[in-house]
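Quick one: the structure is below, questions incoming.
Should a chain be cited, it is by its letter among A, B and C, assigned in written order, with residues numbered from 1 in that chain.
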Amino acid sequence: MSQSRSLGGTALNTHLWLVYAFLYVPILVLILLSFNKFGLPTAWGGVSLKWYVSLAHNSAILSAALNTLIVALAATFIACVLGTLLALGIELRRKGSDKGHVVDTLLMAPMIIPDIVLAIALLSFFNLLKVGLGLHSIIISHAVFNIAFVCAVVRTRLKHFDYSILEASIDLGASAFTTFRRVLLPAIFPGVLAGGLLSFTLSVDEFIIAFFNSGSGQASTTLPMQIYAMIRFGVTPEINALATLVMLVSITALLASQRLNKAPRTHE
Amino acid sequence: MSALHADRRLSAWLLAPGFGWLLIFLVVPCVLVLVYSFVERGAYGGIDWLFTWENYQRAFDPLYMGILLKSAKIAGLATLFAVLIGYPAAYAIARAPRRHQAVFLFLVMLPFWSNYLIRTYAWIVLLNREGLINRLLQMFGYSGDPINMLYTEASVVLGLVYNYIPFVILAIFSSLSRINNELWDASRDLGASGWMTFRRIILPLSVPGVAAGAVFVFVLSIGNFITADLLGGKQVQMVGNLIYAQFLTARDWPFGAALSFFLIAIMLILLFVQALVARRAEGGRA
Amino acid sequence: MNNSSAVLILDKVSKSYGNGLAVDEVSLNIRENEFFALLGPSGCGKTTLLRMLAGFETPSGGCIYLDGKDISPLPANKRPLNLMFQSYALFPNMTVRKNIAYGLEMERLPQSEIRRRVDEVLNTAQLAELAERKPDQLSGGQRQRVALARALVKRPRVLLLDEPLGALDKKLREKMQLELKRLQLESGITFIIVTHDQEEALVMSDRMAVLDGGKVCQCGSPTELYENPNSRFVANFIGVSNLFEGVRSGQHTVRVNGQELNVETDAPLVPGQSVAVVVRPERLQVLGEGETCANQVSGQIVEIAYHGLDTNLHVQTAFSDKPLIVRVPSSQCEFAHFAMGMHVRLGWQARHARVLTR
């Protein structure tokens, strides 16, 4: 849709910038506040890093952050392995396979089901099996939707894949396993990594499912849970610093994921 | 590809682990919830394995129906505003030169990918009685009581719009960018004005994107918990809060399960409607 | 004419897919050190045949013998044949050098040997400066050279090429046709090429087979197929033909549209047999005043197609529905002032008219 063809030029552009303002002002306010010596919107007390410093000494937050890291890494690892295998299993089938639709729907489900429903479903499940709750139950739960995301990302990559390189490898004398190891995996690796980064971000930010499935006790509190508790029950200015840092991590991971996910350029 | 394709066994081995995980940790739990919705609550908050319709009957009680309807209303308003605000924004991006579009879209999506709790908390900072907006008003001479902006339906709608508008913009943009440029020219060539062309050609062709975005916002809004909890507090109870309460405080899991199925039913109906809209509109693409 | 023995023998090879036969009892003898072409329109089964040779499809019937041994049970990675893929199929995560070395690594050769052979082939293919680049940094022509090098470095018994020149533009294609031919002669390896471009097959191959509907229509040298097509299909597929349907009226005559044509054929006479007579455009002459020929017909020029060196005249005659196509040097065209609507007389020798029973 090129410029000369449409209507309402300046008005539309102004609207767009207003939307950007709407989206970013709250975030910028938080970031600014995190550097405010007074920590509250009451007044501006000058730039200060004291909230970041106090954050570093807050043991509850630090342990929650560690838990979150453990959960995210473990869930991402499981998701990358299982999700990639799943994507390969689906895309390598000959066309017109019967089970196609079932698998597709099953994969869409974790992404669109309301997270509170998923949270209580898993809680019920763990409860019924008398499995104790803790970090492990959060990891298992996170892996569920992470698998779906990794699978989706890798599948997109496989759609543009030139499968003849696999045949070329065999033609040149390699076994199926060597082909898998030396040709297929390296070729899809950027996609797997992109999916992994995406799933890492989702795990780090995820609150509801973790909240329901962590049981009680500080030992299995994740960072979002900690943040929620702080927001609900005791707002201290440290929270702004924490918020800024968490956003930084998510955004960096997302940027890296985008970079990796660029479709391969062909030289002509 | 037959060396690797034809091997059914290989395919099965590849699919099994992931499939298995999803089966055990997704399908079974959901089926369990369905089962729970048909059993009785035990005396001390556990489960009595007796079949009953009671949970669903209770759900139809005016009190709970009211909450469900209010949730639908809030979700509906959020959807409406998200689409009204998002459409012109998506249109503006679609007009931009192609090489800039990726950047514009990225900037729209970036907030969407940051932590949901934090994004919602940011609005508390702004809207609170001691929050930024009230402070600014005082700085500019306002001397009355601090304005109550939080813990109202409006603040919840605001929070929902804020959180989901990036996706709406993306969905609508997707639709708009697929419209063939030449359709616009053809319409003008045949004598239509800019506005006419928009109303009769562009708008109808962008409907699938609008539908996709709207369904997404509605489904996520009606099932949302965090925004209602943080920005609405006790004053605004939505289905999400209700389910939360059943599972954590009231310990009435079967009832919570029944309520969850309302959410799922709504979600499935809307997805079905959206798929219909998308399929009907396929023909208009030139 | 080499009297070398057959290196690859296809014996009644067939391939069926659910609803039909993609390859129908194809039997071919392919000789040592030969450049062989499988030619045919899309869907004729030539690619399926090639893939069966490479080992990626299993024949439903028949056998494939390489140097006298049945290779049908051998999996693709154990066959001493290599395939150059239409899309080149270069490994995107490996450099040019690693791509070429890959096949040798699979043979478990010592590193020093691998390095030596790869360097050798990099030099011959003029890829030395590109050795450390990745495929997405190469042009189409460069990628093709790498794909070729990768297959040839293994010194296969037979090299299979699947539409190798399809992605190149015309000038490059012509250059590569001669390049490939030279390569085959120098390496002494048997090449089997699959193509839908008959001109390409004519230029490059020593012998070729034309396929249609999974069957071999005719197999022979380019000259044989061009001068002596054995069926309407081959006559139409290769080059341009003037084709007339008629009935045999004598050993060397065929009646077409009421007129008797003089032909030369050894086929035993079956009176009343329906046949087609084929004459190539370059064998038709425009007769001048008073000139005669064994076969003559008059008509009107309805189209003049200039091709630079030559011009094709389309002449409408009462003799046949479709205009006859006559090829004349453009200089003659100028000299004789051929123009649209002009009346001309065409003639051709009896020995240049082929009779086809199929």
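What we mean here is this: a residue touches a chain if its C-beta (ideal position, glycine included) is under 8 Å from a C-beta of that chain, and two chains touch if they have at least 3 such contacts.
As the structure is a prediction and not an experimental result, all values here were calculated from the model.
Peer 1: Which chain's centre, taken as the mean of its Cα atoms, is farthest from the centre of chain C?
Peer 2: The chain farthest from chain C, judged by C-alpha centres, is B.
Peer 1: Most central chain by CA mean?
Peer 2: A
Peer 1: Select, from all pairs of chains, the pair with the highest number of C-beta pairs in contact.
Peer 2: Ranked by contacting C-beta pairs, first place goes to A-B.
Peer 1: Using the average of all C-alpha atoms in each chain as its centre, how far is it in Å between chain A and chain B?
Peer 2: Averaging C-alpha atoms per chain gives centres 18 Å apart.
Peer 1: Approximately how many whole Å separate the CA-defined centres of chain B and chain C?
Peer 2: Here chain B and chain C have centroids separated by 60 Å.
Peer 1: So how far apart, in whole Å, are chain A and chain C when each is placed at the average of its C-alpha atoms?
Peer 2: Comparing mean C-alpha positions, chain C is 55 Å from chain A.
Peer 1: Return the residues of chain C touching two or more other chains; collapse runs of consecutive numbers into ranges.
Peer 2: 55-56, 75-76
Peer 1: Of all the residues in chain B, which ones touch at least 2 other chains?
Peer 2: Touching at least two other chains: 1, 3.
Peer 1: So which stretches of chain A touch two or more other chains?
Peer 2: Touching at least two other chains: 167, 170.
Peer 1: Give the list of chain A residues in touch with chain C in this complex.
Peer 2: That would be residues 162, 164-165, 167-175, 178, 182-183, 186-187, 189, 264-268 of chain A.
Peer 1: Which bits of chain A are touching chain B when the two form their complex?
Peer 2: Contacts found on chain A: 1-3, 5-7, 9, 12-13, 15-16, 19-20, 22-24, 26-27, 29-30, 33, 40-42, 78, 81-83, 85-86, 88-90, 92-94, 103, 106-107, 109-110, 112-118, 120-125, 128, 140-141, 143-144, 147-148, 151, 163, 166-167, 170, 176, 179, 201, 204-205, 207-208, 212, 224, 227-228, 231-232, 239-240, 243, 246-247, 250-251, 254, 258.
Peer 1: Would you pull the chain B residues touching chain A in the complex into a rising list?
Peer 2: 1, 3-6, 10-15, 17-19, 21-22, 25-30, 32-33, 36, 85-86, 88-89, 91-95, 97, 104, 106-108, 110-111, 113-119, 121-126, 130-132, 135, 162, 165-166, 169, 176-177, 179, 181, 184-185, 188, 194-195, 198, 219-220, 222-226, 229-230, 240, 243-244, 247-248, 253, 256-257, 260, 263-264, 267, 271
Peer 1: Which of the residues in chain C come into contact with chain A in the complex?
Peer 2: Its residues touching chain A are 54-56, 75-78, 82-83, 85-87, 89-93, 102-103, 106-107, 136-140, 150-151, 154.
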